[in-house]
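Report on the following structure.
Letters A, B, C and D name the chains as they come in the text, with residue numbers starting at 1 for each one.
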Amino acid sequence: MARMRVRQAIAAALADAMREDGSVMLFGEDVAAAEGPFKTSEGLLAEFGPLRVRDTPISEMGFVGAAVGAATMGMRPVAEIMFMEFLGVALDQLVTEAATFRYLSNGRVTVPLVVRASTGSGLGFGTQHSQTLENWLTATPGLKVAVPSDAQTAYGLLRAAIRDPDPVAILEPRVLYAERGDCVTGDEGIVPLGTARVVRRGDAVTVVALGQTVRTALGAAERLGTGVEVVDLSTLVPWDRATVLASVARTGRLVVVEEAPASGGWGSEIVAAVTSAAFRALQAPPFRITAPDVPVPYNKGLEARFSPSADEIEYQLRAYLETGEVPDPWWRREGVAA
Amino acid sequence: MYEIRRFEDRVNELFARGAIHGTTHLCAGQEALDVSLALELRPTDTVSATYRGHGIALALGMTVHSVLAEIMGKAAGCTGGVGGSMHLSDPDVGLLPTFAIVGAGLPVAAGAALAFQTRGEDRVAVCVFGDGAANIGAFHEALNLAAVWKLPVVFVCDNNVYAEYSRIDVTTPLSDLYRRAGSYDIPGVPVDGMDVAATRAVLAEAVARARAGAGPTLVEAKTYRFAGHSRADQATYRPAGELERWRERDPLTLARVELLATGAATADDLTALEKAVREDLDAVTDTVAALPDPEPATMFHNVRGATA
Amino acid sequence: MARMRVRQAIAAALADAMREDGSVMLFGEDVAAAEGPFKTSEGLLAEFGPLRVRDTPISEMGFVGAAVGAATMGMRPVAEIMFMEFLGVALDQLVTEAATFRYLSNGRVTVPLVVRASTGSGLGFGTQHSQTLENWLTATPGLKVAVPSDAQTAYGLLRAAIRDPDPVAILEPRVLYAERGDCVTGDEGIVPLGTARVVRRGDAVTVVALGQTVRTALGAAERLGTGVEVVDLSTLVPWDRATVLASVARTGRLVVVEEAPASGGWGSEIVAAVTSAAFRALQAPPFRITAPDVPVPYNKGLEARFSPSADEIEYQLRAYLETGEVPDPWWRREGVAA
Amino acid sequence: MYEIRRFEDRVNELFARGAIHGTTHLCAGQEALDVSLALELRPTDTVSATYRGHGIALALGMTVHSVLAEIMGKAAGCTGGVGGSMHLSDPDVGLLPTFAIVGAGLPVAAGAALAFQTRGEDRVAVCVFGDGAANIGAFHEALNLAAVWKLPVVFVCDNNVYAEYSRIDVTTPLSDLYRRAGSYDIPGVPVDGMDVAATRAVLAEAVARARAGAGPTLVEAKTYRFAGHSRADQATYRPAGELERWRERDPLTLARVELLATGAATADDLTALEKAVREDLDAVTDTVAALPDPEPATMFHNVRGATA
């Protein structure tokens, strides 16, 4: 076990995978010579050379498609999308091509591809570089989606994704790249896809978080004291129903904390599925703590309020636990929006 | 070529009388290119093609049985009936699942070539696409990427003059698409796509260039779509006389003249061959028509693989 | 009121809008000379000429972007995407550009744009031409999404969308284009965005449907007799909470019927929001009837089973009303999948 | 130009000492193009530009106050502080919200031109984009569309040799990007983008061509990025001596020489002007720094308009 930053954990996962398997390769804009716009590929060009670590032109459709093609021929490419929004010019290759080839070839053409994209708000990159956009990927049978929340999951989910026989998207909360954490590397450090982790035990309420909301939810939980169970969903598709349902069976309450706006967010799937499956176990209405339905604002203070803060989560959880009712979000409490 | 032509006629009949669900895109008039490609490639090479893919599938060596069964949605089809006419595939003959999204096959072919280059193999990837596809972004990105990385890929534009119901001049400021190679500093070569010998020669050179590590080529085969775009399209939008002029250069006629002129075959040989093709097609059609549909469980197969 | 096919209702809406407002224009692949791949623009080139009705090259990013640009300069363009999947090569322009310009210009640059796309299964177009993919668009503040279910809503939602000051996506169920229905044209025929319609009254269960599932849900409701209330959501973003909540308040039960796979589907948002807002009013677990999590299969029989049929909806509603529990879908009942 | 250069220095300082949140992309070295464009356009024309947009915003006539306030996230900024450095805009000077997605501005500019053409107006749309953007699909689709519809648009590639940390030769098989015009049968014109007179002449012709209804032009301005790509980038990846060679052709120096040589200004004039610019910038910086941040309610404004 070593202490490292999330971006170092990613570079370590890539290096370990490339050492283990000669078919693993990496490409994307400025991932080679510059070692990644967020330094997530430090040392890789030097160790693995320019055939396996490549800087691409600015052509996301072209290089994601190239990753798809290389994967069909037995490589295990990792394609880096610098900001999640750029998949908006390349979605076709991941969703409509990569995810369907196994189906459209009777299982004979497979696409063991990983697409990594940095996501989310918190660094002042503005409206078009701060969204999470999981929704673009979550309705595609054949495609898996995982979201790390710290160094260990950054390492372990990426290793698992590279070994997976099918396309996997890893959405990396950009704001976490510089965070430090303990990280076990090697096979023991692998985090299987499809498994959620209970990161804090409690019996009053189940809080499901993902990516950067795991630490804010944990922060709020600490302040509230015992009772709050926090589940790091880790994999969004397929998500770990068993773990979430088992937790809700114990607590009788469910709250999902999302970084992005409510409309179209992934949390509704958790709430809906848990409600259908465990209706009688619920003692109070399940609900979601999210950002408001607005584009991500640039101003630092505004951006800080946009995503649910630990304060906001604490407030809402406390009110919920006290009243058993769904609390209003800050913009309604303060009367600034409906 | 004769087999492909008769196959497309048969598909057209089956579609017209409701035995085929959905849609089909026939390649009549464009067979010379499919056949030339198949002749110039090795079994280890790989091809990405389009929804207009019956001809290339057969030319590469997929059986009439497998292709027709797929088009008819049968369990015995190459994807078990879940893909249909637009999604033929067979890795044994080097055919990736054909692409229903215009342009999507180009980056994928570049990527296949990237795998070959990275592993130091002398395999080549080929992508066939239409004139209409030359206007989409993926075309540009794939050619640029392939050029800058000198990938062993051949981009073959099957310029059959139309994209759906639009003639090329309505959508494209130049009709000599091979000239677009200049944007990437790679060779661009036009060829008479109705003529097998000419097409083979150009493809042979492009394939050899790729195999030798000298990078990609853009080949533009000038062909013509004898049928409508898809399904029931009667192609009434064609200028008068255009189809007739192109039909004079029907690749089947040209090939026949060539074969007879060079003495490679006699008229009797060809008559016998054609008869055999027709009889075989009739027999396979009957067999396939009687095959079972896939079970409902089939739709749950091959969605994802087993995790190690 | 006239009887017309859905595709004729769309052409009528376009024609009426173009007559009323000289800034309305239409473009897309084969929409002009060929009058639309699905004949949704019959007569328009002849009446409005080649400046306002244009055939485009195959370049969805290019022409959706051109529509965005034209809209910023005061036009009201309608861009046609032949099959919804093709937005996978053009998503950026709609989601990241069009939807954000008002925000990014202090309200001074607006994008009154309509993007129409045909969606869904039922015609044998295969995996890559049969999806609904609402999820690509539902998490974008600034963008509205509407889905017609018959000739009247096809006409009325499109008219409303063209008049809307912001970008609107209209997702047209392709399988309905040839369906006939009554249609009021002109101003009275306009269907405001954001309003759901109760298309059948009942007090035992609220069934929320959209697009092509409205008619299958209605078919199932007829067979079940009284009790089943069917709500045609019509607009997906922003959806009509008031109407749905009022209905659930009466019935105490909620079922959402979706055409596409469960994962990532829009119905979870309805179930989640209703559960949070009306938990105490619910007498039984709300749930969703959807397609299985697989790509759309081509074979006719398989395709017919993929989307929830009237038979399947009838079975599930009956079981739900009898037991108060969430029934298994056909693939679990028949043991073909989990 | 002098004002833009000093403005960028100021932004750099403010960023370095934490007074600016997020990121910035400076245009030092590329000012001649921004200024030339502003000089050749009419107020009714429209410009789409990129995140490297401080220079064009100022050149077109936005105030230092409005631009700096936006970059500093103030309520008085051009978007009220919700956009930031990458999203400057002001319809009064013809500037669309600048684009943070590479290539996205090209189709939008074509669309603005389409509006002008459809309404029969003699307005022109201009799109400025980088060398790196010439590799993305939107570039290809926009040029093709503009060419086939003969739209009144000028595509201006600001080839500053780098896209982020990648030199053009790593990503692009040819460095003369104006040659890509050939793929669309439109004129492609290179110009020395450090020289205002030369740049103005080329732009004037392209704009006149568009205004006259003769269709689009691709102009490639050869410039150089004096700063790093963004934020703290020190651009250590540059070959030794490259920056120094380009600095010899600093557009400010060239302009100064030209102004003095033609007698358009004396050295004293310029010194006075520069001093005024610096003083003004200092004053505005102090004013802006003291301005209030936007209220939280601001993030709810302008998400959608009122429905009629």
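Operating definition for what follows: contacts are C-beta pairs under 8 Å (C-beta built on N, C-alpha and C of every residue); 3 or more make two chains touch, one makes a residue touch a chain.
Every value quoted in this text rests on a predicted model; they were computed, and no experiment measured them.
A.B. asks: Which chains make contact with chain B and with chain C at once?
C.D. replies: Both chain B and chain C are touched by A, D, going by the contact rule given at the top.
A.B. asks: Would you kindly say which chain has the C-alpha centre located farthest from the C-alpha centre of chain C?
C.D. replies: Of all chains, D has its centre farthest from that of chain C.
A.B. asks: What is the distance in Å between the mean C-alpha positions of chain A and chain D?
C.D. replies: The computed centroid separation for chain A versus chain D comes out at 35 Å.
A.B. asks: So how far apart, in whole Å, are chain B and chain D when each is placed at the average of its C-alpha atoms?
C.D. replies: Here chain B and chain D have centroids separated by 45 Å.
A.B. asks: Using the average of all C-alpha atoms in each chain as its centre, how far is it in Å between chain A and chain C?
C.D. replies: Computed value for the inter-centroid distance: 29 Å.
A.B. asks: In whole angstrom, how far does the Cα centroid of chain C sit from the Cα centroid of chain D?
C.D. replies: 40
A.B. asks: Scan chain A for residues touching two or more other chains and write them down.
C.D. replies: Where chain A meets two or more other chains at a single residue, that happens at 56-57, 59, 61-62, 85, 88-89, 92, 96, 100, 103-104, 127-128, 141-142, 293-295.
A.B. asks: Using the touch rule from the top of the page, what residues of chain B touch 2 or more other chains?
C.D. replies: 82-83, 87, 101, 135-138, 140-141, 144, 148, 170-172, 303
A.B. asks: Can you tell me, using the touch rule above, whether these chains form a line, ring, star, complete graph or other shape?
C.D. replies: Its topology is that of a complete graph.
A.B. asks: Per the contact definition, I'd like the list of chain C residues that touch chain A in the complex.
C.D. replies: 61, 85, 88-89, 91-92, 95-96, 99-100, 103-104, 127-128, 133, 135-142, 237-238, 260-261, 263-269, 271-273, 275-277, 279-280, 282, 284-288, 293-295, 326
A.B. asks: Within their complex, state which residues of chain B touch chain A.
C.D. replies: 46, 48, 78-80, 82-83, 87, 89-91, 96-97, 99, 101, 104, 106-119, 125, 137-138, 140-142, 144-145, 148-149, 301-308
A.B. asks: Considering the complex alone, what residue numbers of chain C touch chain D?
C.D. replies: Its residues touching chain D are 25, 51-52, 54, 56-57, 59, 61-75, 77, 89, 92-93, 96-97, 100-110, 141-142, 144, 163-166, 192-193.
A.B. asks: Any idea which chain C residues touch chain B in the complex?
C.D. replies: 29-30, 33-34, 37, 55-62, 85-86, 88-89, 123-129, 292-295, 297-303, 305-306, 331, 334, 336-337
A.B. asks: Residues of chain B touching chain D in their complex?
C.D. replies: Per the touch definition, chain B meets chain D at residues 135-141, 144, 147-148, 170-174, 179-180, 182-186.
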